Structure formats: C-alpha cells, structure tokens
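Next up: the structures, one after another.
In the two complexes that follow, chain A is the common piece, with chain B as its partner first and chain C second.
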Partner chain A sequence: MNILSVILAALLAPLFIGIVNQTKAFFGGRRGPGLFRLYRDLFKLVRKSCPRPQPSTWIFDISQSVSLASVIAAAAVFPWAGFGLGSTMVPAVLFFYILAAGRFFTVIGALDAGNAFEGMGASREMQFSTLVEPVVFVVLGFLVILNGDVSLSSILSGVSVETWRESIVALILVFVAFYAVFLLENCRVPFDDPETHLELTMIHEAMLLDVGGVDLAFALYAAALKFMLLAAFLVAMFIPQSGNAWVHLASVFGGVAFISLVTGVVESVTARVRFFKTPQMLLGALLMASLAVFFLACF
Partner chain B sequence: MITLSEIALALYLVSDLVLAGANRLKSAVRFVAMQGVVVGILPVLMWNWADEGCPGARVWIIAFVNTLVKGVALPMLLMYAVRKARTRRELEPIVSFHLSQLIVFFIAIGAFAVGRLLHVHASSASELAVPVALTTMGTGLLLICGRKKAITQVLGFLILENGISVFGAAILLEYGIVVELGILLDVFALVFILGIAVFQISRTFSSTDTDKLNHLGDTHLMHPHHQHDHVHA
Partner chain C sequence: MISLETFFSIPILVVSVAAAVHATAYIHGEARRHLVRFWGFFPATVASMLAVVHVGGKLQFLLAWEAMGLASAGLVAFESKEKSVKKATWIYLLACHAGACALMLTGVFQMRPDAWIAAFAFAVVGFGLKIGFPPFHAWLPEAHPAAPAPASAIMSGAMIPLGFFGLLKFFPIARLSSFDAQVYGWTLLALGAIGAVGGILFSLPQSNLKRLLAFSSVENMGVVSMGLGLGAVLYARGDFTPPALLAIAGALVHILNHAFLKGALFLGAGSVLRQTGTLDQDRLGGLLRRMPFTGSLFTVNAFALAGLPPLNGFMGELAIYVSAFLAINTGDPVLASAGFLVALALALTGGLAATAYAKSIGCAFLGESRSREAADAAETPKRMYFAQIFLSLFSLAMIPGSVYFIHKFTGGFKTEIFIMTAMVGFTFVAVVVSLLLLRRFICPRGKMKPRLPVWDCGYDAPTSRMAYTATAFTQPLVDLFRPILKSRRHVQPFKGDPAAPSGAAIATETDDFALGGLWRPLFSRAARLFQRVHLLQSGSLHLYILIILIAVLALLVAALVS
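On to the complex of A and B.
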C-alpha cells in the first residue's frame, strides 16, 4: 500500500502541472498543450545527452540528480494514505529540510555553471527560501499544537469534524498562509513566473539555463513532484479524517487536482508582484499563520 | 450555519491583512468588493435556521440591498475613479505597508482580547463577530490615516463602514433594517461624493495625493516660488 501510493504519486506528478497549464490556456483563450505535455517532454529529454558548460565541474553534473533524489525521498516519506514509509518517525521539520537539501544542490549547480544569470537566480532563490522559512515554522507549530505530535504522519492525518467546527477560522488563516508558501516554493505566478525567460524576472528558470538533456528532464520532473508534494501537504492538513486508507489516498489526489486548478485560475487572474514586494507578502502570510496560532492557543 | 458565518468572518480577517499591505488600487478595490458581498450575505448566514426557519423578507431585503450597494455599485464607482484618476498604485504611504500589516495584526489580537471582555457574544450569533468587526474598523481607520491617495482613503472609509455593518449583523439588532439602511445611505452618499471629487480633482490637478492638496489655496501667494508645485508634481 505504501510503496504503491508512492509509485502512483510519482506517476501522477506531471499530470498536475498539465492541469495548471491547461487551466491557464483556457483562460487565455488557447487550446493549450494538453494534459500530458510534460510526460512527452520528459520522454523526449531523457533520450538526449547532457551538454555541460565549459568551466563547470562534477558539482554541475550531480546537482540535478541529487536534487531530484531529495524530492523523491521527501515524496517517499510523505503519508499519502494517512500513513507512510516510516513517516511516524519522520518529524515534519525533516520533510522540509529534505526539500531544502534538494534546493541547495540546484543552487550550487547553478553557481558552478559560471553563468551570471544563474548566479542571480540562485541568489534570489536563496533569499526567498530564507524568507519563507519562518512561515513554514509557524504553520508547523500550528499543526503540532492541533495534533499534539511532531511526526509527519500524525500532523497530516487529517482533522476531525469537531476540530473543523471549533477552529475553522484558524484553519482558513493557515490555509491562506501555506498557500502563499506553496506558490513561492514552486515559483508560481505572484512571486515568479515559470514561463518567463526575461532575465529581469527569472528566478527558478534562471538556474536552469545551462541544464539540458537528461538533467533538464530531472529538473522538470523534480519541479512537478515538488508541486504535487506541497499541494498534497496543503490538502492533507485539512481533509477530514477517514478510517479508510484508500479514501484518504483518493481525497489527497483529488485535492491536489483541485489545488492545481485553483493555481491555474490564480495565475490567470493575477499579475506578478514586484520583486521587492515579495518579503511584504510573506510578512502577511507569517502574520496570518501567527494569528491562527493565537486563536488556537487562546480559544 | 455557524460554520459558514465563521468562514465569512475568517475571510474578513484575511482581507483586512491583505488590504493593509495592498498597494495596487485595483486589487484593493476588488478585496473591498469581496468584503461588501460577504457583509451583505452575513445576516442570512448568521440567521438561526434550525430554530426560526426561513428568515423573513426583511432579512432578505437587507442582504440584497447591502450586497448590491457595497459589493457591486460602490466598487464599480471606485474602479471608475481609479481608471479616471490614473492612479494605479499607492506609493510612499505615511505608514509603510509592512508596519500597517503588523498594526492590523496587533489590532486583531487586541480586538480578540477586548471582544471577550465586552460580553456581547451572549446575544450575538458568533463570538468571533465582534472582534472581527473591531479589527475591520481598525483597518479602515488605519487606511484613512496612513495613506496619501484620496482613493485609498475612501477605501478605508468603506472598510470602516463594513466593520460597523459586521458589528450590526453580529448583535442582531431588533430593528436592524432602519439602522442598516441608515448606514448604507450614509456610506453611499459619502463614497459617491468622494468618488466624484477624486475624479474632478484628478482632472484638474493631475494628482490625488492629499499631501499636495494641502498646499492648495492662497498659500502660493505668500511663497511665489511654490506656485506650480501642485500642478506638475
């Protein structure tokens, strides 16, 4: 069951990016690339060789593989069906730092390529990830207070109906705060645009300029997997508890599909904020999460 | 229906924090419109459906008129004023956006502390309603005092009135319709006048910055070298 759900998650990941892009195409009045575009892209890319920029070293070679490996590790411990591979022992903080390790390798890989744009992208990526950390910690604190345990599977096992009724306001505030984290971590529109290749606005894409072939497939797949993982985290915090593991699994994936749809709509109707506005938006997210903790502690 | 009304109140808290940090006027107007729609349907959501059955025509009329005026008509007017005044952003506010968000955060905490002391929740539909109303009023006041653009100040006034309406919905006024319609008339007249005023000011002076409007009048006779400041700034 555990291994099956991880494999299922790994197979479904590119589909959700397809949902986002198809939603954006619908709003843009285009036919869109289809839901399975990323599968075809990945299939095309894995058959190519990896070009490597001249001054780079072995760090560049391993960076994308290691970062994909860390995202897969995070996906493997994620409690897809309400419990996961050893996720009773995995503290929730570890989950986020496995993802952070992946980001670290993407960043040093980008620096190793010796391209000025990639260095700029790396610097921005690290700046934003630093800013996002306090929000993540406050949200985790909220979940730990709510569930009384620090392990990943217990904070993501869903909330009971009574909790829904009693602390709906706090849950909504945390949802909004973590949705901001989700958008930023996945470089989605209000913070970064995954489609842009204009040097002034690139953040994540800038780090991948010199990556090609199999490595690019790894990078794209890691991004898709991370998108699904954090969306699943967002969903699993809020879905009501159900005894059945299959129902839980189905509702997590259904929720991720819904979050993808919402993200597509958000990207279609909002403009990207200015670079300097991002810290302030994260401050807002932090304050919302803190307010939620305050409600939970005092009411 | 308690849960639905609490979702509505949570939306209020979220939008208060967002509005305190919003510098794009159009998206701020959209959030105020959202608040208007929510405050319009709040009496219906707070109605005690289980015990009292379907609410009477009075409640529906209040909900309908409120939603129409605060959620549709006034935001459309303000959107028009934003377009006509060609001011798209609030730049250099008196109280910075970061600080505004922090202030709203502390207003919320204070409001929840005070809201419990007030003991109004015995008669209200939800014990969250009064604190949320106080937070919203505080946000409105902050925008009136802490922003320079005339349109943002009008938005602040609208948010303040939304807070008052939430307060009214919370304590379930017996003769609510008279009070509600009174508030509504008040808001409508003021926002209408201010909206037109902003439009006229921007047509005449090419800026709606209230700091610059302070220099209007006869002062330029005493300081001749300031004469053209407000026209071209």
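On to the complex of A and C.
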C-alpha cells in the first residue's frame, strides 16, 4: 500500500502541471498543450544528448540527479495514505531539510556553469528560500500544537470537523500562509513566472539555462514532483482523517488536483510582483502564521 | 557515558593531529624561517587546552586558561610582519585578558552562595569572550583570518567550545535551583539566538574566505548555546527532563560535528591560500578543476556544515529542533515561547548558512577562474588533503555516532526519530546513486556532447568577468539586512569618454558591528577617561610614596572601623 501509493504519486506528478497549464490556457482563450504535455516532454528529453557548459565540473553533472533524489526521498516518506514508509518516526523538520539539500545542489550546480544569468537565478533562489524558511517553521509549530507530536504523519493527521468549527480563523490564516510558501517553493506567480522568456526576470528557470537532455528531464520532473508533494502537504494538513487508506489517498490526490486548478486560476488573474516586494509578502505570510499560532493558543 | 573532560578532549586531540599534519606543508617558502616559533607555540597551545580540560581546582584552571590564551596568541602572531596581523593579535590578547579577568571575578563571587547571579554574569562574559557570544565575538573575525590556517582550525574547532566546557563545569545545569536554571537558560538562549542569526548574517557579505568561516563559528556556537539554554529552561520546569536532555545532547553533538567540519574547512581555506595567495572569493573561482581533492573535500564539508541532511551537521540541529517543538507542545506559555524562539532562529540560521556556504563553494571553487592566481593553481601536496580526509572520516562516523550519542545521553528518548533520519539519509544517497547510474545508462559517455560555451544571450565568448561574483550573489540578502549589516559601498564612477568608459569599480565592505559600533568607541572613551588619571603617573617618587601611604592608611582605617 505504501510503496504502491508512492509509485502512483510518482506517475501522476506531471499530470498536475498539465492541469495548471490547461487552466491557464482556458483563461487565456487558447486550446492549450494538453494535460499530458509534460510526459511527452520528458520522453523527448530523455532521448536527447546532454550538453555541458565548458567550465563545469562533477558538481554540475550530479546536481540535477541530487535535486531529483531529494524530492523522491521526501515523497517516499510522505504519508500519502495517512501513513508513509515509517513516517510516524520521520520528524517533519527532516522533510523540509531534505528538500533544502536538493535545492542547495541545484544552486551550486547553477554556479558551476559560471555564467551571470545562472548566478543571478541562484542568488535569488537562495534569497527567497532563506526568507521562506521561518514561515515554514512557524506553520510547523502551529501543526505541532494542533496535533501534539513532531512526526510527519501525526502533524499531517488532519483536522477534525470539530476543530474546524472551533478555530476556523486560525486555520484559514495558516492555509494562506502555507499557500504562499507553496507558490514560492514551486516558483509560481506571483513570486516567479515559469513561462517567462527573459533571463533577467527568471529565478528557477535561470538556473537551468545550461541544463539539457536527461538532466533537464530530471529537473522538470523534480519540479513537477515537488509541486505535487507540497500541494499534498497543504491538503493533508486540513482534510479530516477518514481511517480508510484508499479514501485518504483519493482525497489527497483530489485535493492536489483542486490546488492545481486554483493555482492555474491565481496565475491567470494575478501579475507577478516586483522582486523587491517579495520579502514584504513573505513577512506578511510570517505574520499571518504567527497570528494563527496566537489564536490557536489563546482562543 | 563519557565524562565532560573526555568529551571535550576528543575535538582537541583529533583536530590538532590533522592541523599538525597540514601545517608541515602549509608553512612553506619564506615562512619556514620562523618554523621554530610555530612548532613552539603549536604544542603549547594543544597542551594548555588539554590542561584546561583536565586540571582540577579553580586556580589551576585559571592558569591553564591564561596559558591557552597566550600560547594561541603566539600562533595568531605567526606572520607578525603584517600590520593586520599585529592588530589582530592585539585584539585577541585583549579579549583573552579581559576574559581571564572576568573569570577571576567569577571565582571570587562563587565563594559566596548568595552572589550566584554575579558569578554567573561574569562567567558569561569570561567564557563568552572565548566562545564568541555577541558582542564579545569581536576578536574571532580578526584573529582567524590573521592566524595560519592550522592554528585557525584548532582555535575554531577545539578551543572556542572550551568556553562551554567551563560553563558546564562550574555551573552544571543539574545542580542549579529552578530559578537559577531559568536565568541560566534564558541568558544562553537569547545570546545564542542573537549569535546564531547575527553571526551567519555577518558571514554572508564577507569576501575573505577565512573571515566568512570565522563568523560562521560565531553562528555555530550560537546554535550550541541555544541548545544548552533550551535544555536549561526545560530542565527548570522539572517535568520535562527528556526533552531537556535531548536539547543538551543536540548541543554537545553539534560541538563535535562543528569541530570536525570547521577544522576541515579551515584547513581547506589554508590550502587555497597556499596555492593561490589569496582568500578573496571574488578573485578565486574554478578551483575544483585545479585542486580536485581540496575542492571536493571543501564542498562536502561546507554542505554538511550548512546543516543539511544526510550529513552529520544536521544531526545536532535536528535534536535541538525536535526539543524545541516538544517545548512548543507542552502548552506552557514560557516554554512554548522558548521553543518558538529556538525554532525560528534555527530556521533563519539554516537558510542563511546554506546561502553563505553556497556562495563560498560556488564562488571560490566552481565556475570560471576569476584571476591569474586562481587559473594557475595546482593541487596541494598529498598530506594537506589527507589531513582533511582524516577529519572528514570523523565527520562521516559522526552520522551514526550522533545517533548513538543522543540515544545514550537521553536514555533512548525518541531514538527512533534519529535512526529513521539516518536511514532516510541513506535512502537519499541510494536514490542519488541509482539516478546517476540511470543517467549514465540513458546518456552514455559516447553520447555526451563536448563541453559547450555557456548561454550568455547568444554571446559566444563569455569570460570570467561576466560571471556572477561572490558579492553579487549575496547582495539581495545583504541589502535586505542593511540596517544591521551597515555594509559600505565604495563606488568609483565611469570616467572619461562615455563611448569608451573606463576605470569604473565598485567594492563593498562589511565591518563587524560589535567592533566598530561598540568596542572601539568604548575603548577610545575609556582611554580619554584614563588620561586624567595619567596625572598620577608623574614619575615623581615622592608622589608614589604618598599614594602608597594614603592607601595603607585607608586600609588600616577600614579594618579598624569594621
């Protein structure tokens, strides 16, 4: 059941990116590339040769593999069906630090190409991920107070209907704060635009400018998997525990599909903010999360 | 369980062996003329550090402590021809003596049981001057870059944690009363949080690699201090001994991990200095190709010290995190706020540390060489990187070692979390290996294209001057924290013909807040004050005799009156 759900998650990941893009196409009045575009892209990229930039070293060669491996390792311990591979013993901190380890390698891989655009992307990625970290940990603190333990599966054991009724304000605040984290970590509008074609305005894409072939396939797949993983985290935080693993699994994936849809709508109706505004938005998210903790503790 | 003395001897012995091997090759060329001085002070430093750990009694401890400061000052002053080294030695000696002075006062106040607070306050100053509590850390970023790399390695890895040894030896948490433990805990917690976040914040903009590492030591000691402080705060409540032990275990494990990792990093920085002649990250770059062993070892150790799994730097922090979340979970408002403070400070520290180390790896070792010196660098003699491998093996052993230590120290509290973390880390590495094999299978060597120029908007001959610099990499964060960092920019605008501009330059500089903002004004004001007392030092014998006479009479009167 555990392994099955991880494999299912791994297979479904590119689909959700398709949902986002299809939603955006609908809002833009286009026919869109179809739900399965990313699968085809991945197959195409795997068959291509791997170009490597001149000054690069083994760091560049392994960076995308490490980055993907970190997301896979995080997905493997995620409690997809209410409990993961030993996720009752995995501290929630580890989940986010493993993702950070993968990001570290993407960043130094980008710096290894030795070019201004990739350096710029790497610099921005580190800036934003540094600032988002406090928000993540306040949200984790909130979940610990709510659920009473530090392991991943217990902080994701969901919110009962009773708790929803009693502290809906705090829950909504945390949802918004973590949704901001989700958008930033996945480099979506309003923090980053995955479709921009200008190197100067890129963050995540800029780090991949010189990545090609199977490495690019790894990078795109890692991005899709991370998108699904954090969306699932957001969903699992809030849905009530049903007790049935299959129902839980279905509701997590349904929730992820819904979050993808919402993200598509958000991306269609909002513009990207200026880089200098991002720290302010993150500070806002931090304040919301702290306020939620305050409400939960005091009311 | 091992005793406190044995525990603190481990980093001293391990790091000094590696540093000694490294030093045999590090000191070369002209500097070999002063070889005797180095090999005189080096064993003296190691011996006095061991003496600090092992002697009994307060007087002996003080003497050993002072000897440790003096012997290591001799190491800092090794290249004493340079002006900056002289200045650094002077600052370091001042810090050592001020620390010793505060420790003497601690000893005096400890004789009275009702003066616990005063004794503790002076101990925080005295040991804090060695540990690098803010604002007493001012000597670290001066002395570490000035000292030869092997000396920096033992000082940062093994000597500064001895401050914690002193605190734990003379103020054992288990023997404090509940109120005292609260004071103790909150002091260490607050100083640790400021030190951790402030230290890593100041390490970000540093272009000198060893200065960056020195500020990172302030950060890591801050993390240790937060762990001990959280432990004491939890312990003071009585009911939460297991989470308290967990936080303390995390802090102690972090001392060992930091010693091995930072020792190896300082040795790596020393190798870079020896082969290129510079530590300026804006003038290095591409060293991983020129110095594959040194570069790879630096990369792995820096990744670990950034506190990222699966390597050992993460283990201690994880224990402190888990303890912080357990504190949040107690529901007690005081403990919960301590937990939140620790978790927030650790989260911010983790992010900033990753940025600082990504910068030092990326800008010094990866990409294009930014200067002739970096482009011409060659690998070091074997024993230099063997010294780093030696320390890295200890780091590797510390992955299961941390789990075992925490298990033993807490008596099996939440051990499954740490075993699981090590296993997830192992899985992570296994997945990396299998992905690399898959990659090789999909894209065999023959199908790999020859290396191409990087994408620079179609420009076909990018040079190293187009690469992102270390300063540029951290500029967004440095700008964001400008009110604290107070970085100064020296801009030299374009000159001459606008069609062919030349001579433009920009340089940024971030000085230590404590040194420039607190100590320098304080000391210059004190110097002005003492100018007035200078009248007494007239050189006239009569005046001196008069002063002695007055002092003796005053003492006599005081004795009679009381």
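Following the convention adopted for this analysis, the second predicted complex is superposed on the first by the 299 of 299 C-alpha atoms of A that agree within 3 Å, B and C clash if a C-alpha of one lies under 4 Å from a C-alpha of the other, contacts with A are read in each partner's own complex, and residues count from 1 in each chain.
One rule holds for everything that comes next: a residue touches a chain if its C-beta (ideal position, glycine included) is under 8 Å from a C-beta of that chain, and two chains touch if they have at least 3 such contacts.
Only a predicted model underlies this, so the values are computations on that prediction, with no experimental measurement involved.
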- Which partner does A:Val176 contact after superposing on A: first (chain B), second (chain C), both, neither? first
- Once the shared chain is lined up, is A:Ile168 touching chain B (first), chain C (second), both, or neither of them? first
- What is the contact status of A:Val93 with respect to chain B (first) and chain C (second): first, second, both, or neither? second
- On the superposed three-chain arrangement, identify whether chain B or chain C touches more chain A residues. C
- Message: Quick one: is A:Leu12 in contact with chain B, with chain C, with both, or with neither? Answer first, second, both or neither.
- Response: neither
- Taking the superposition as given, does A:Ser65 touch the first partner, chain B, the second, chain C, both, or neither? second
- Query: Regarding the shared-chain residue A:Gly284, is it in contact with chain B (first), chain C (second), both, or neither?
  - Reply: first
- After superposition on the shared chain, which partner residues are touched by A:Val266: those of chain B (first), chain C (second), both, or neither? neither
- Query: For chain C, which residues count as touching chain A in their complex?
  - Reply: 285-286, 288-289, 295-296, 299, 303, 306-310, 314, 318, 321-322, 325-326, 328-329, 331, 333, 336, 339-340, 343-344, 346-348, 350-352, 354-355, 358, 361-363, 366-368, 416-417, 419-421, 423-424, 427-428, 431-432, 435-436, 439, 442-443, 447-449, 451-457, 462, 464, 466-469, 472-477, 480
- Mind pulling up the chain A residues that touch chain C in the complex? 46, 49-60, 62, 65-66, 68-70, 72-73, 76-77, 86, 89-91, 93-94, 97-98, 100-101, 103-104, 107-108, 110-120, 122-124, 126-127, 129-134, 136-138, 140-141, 144-145, 148-151, 199, 209-210, 213-215, 218, 275, 279, 293, 297
- The answer for chain A against chain B in the complex is residues 164-165, 168-169, 172-173, 176, 270, 277, 280-281, 283-284, 287-288, 290-291, 294-295, 298
- chain A-touching residues of chain B, taken from the complex the two chains share: 2-3, 6-7, 9-11, 13-14, 17-18, 20-21, 23, 27, 97-98, 101-102, 104-105, 108-109, 112, 128
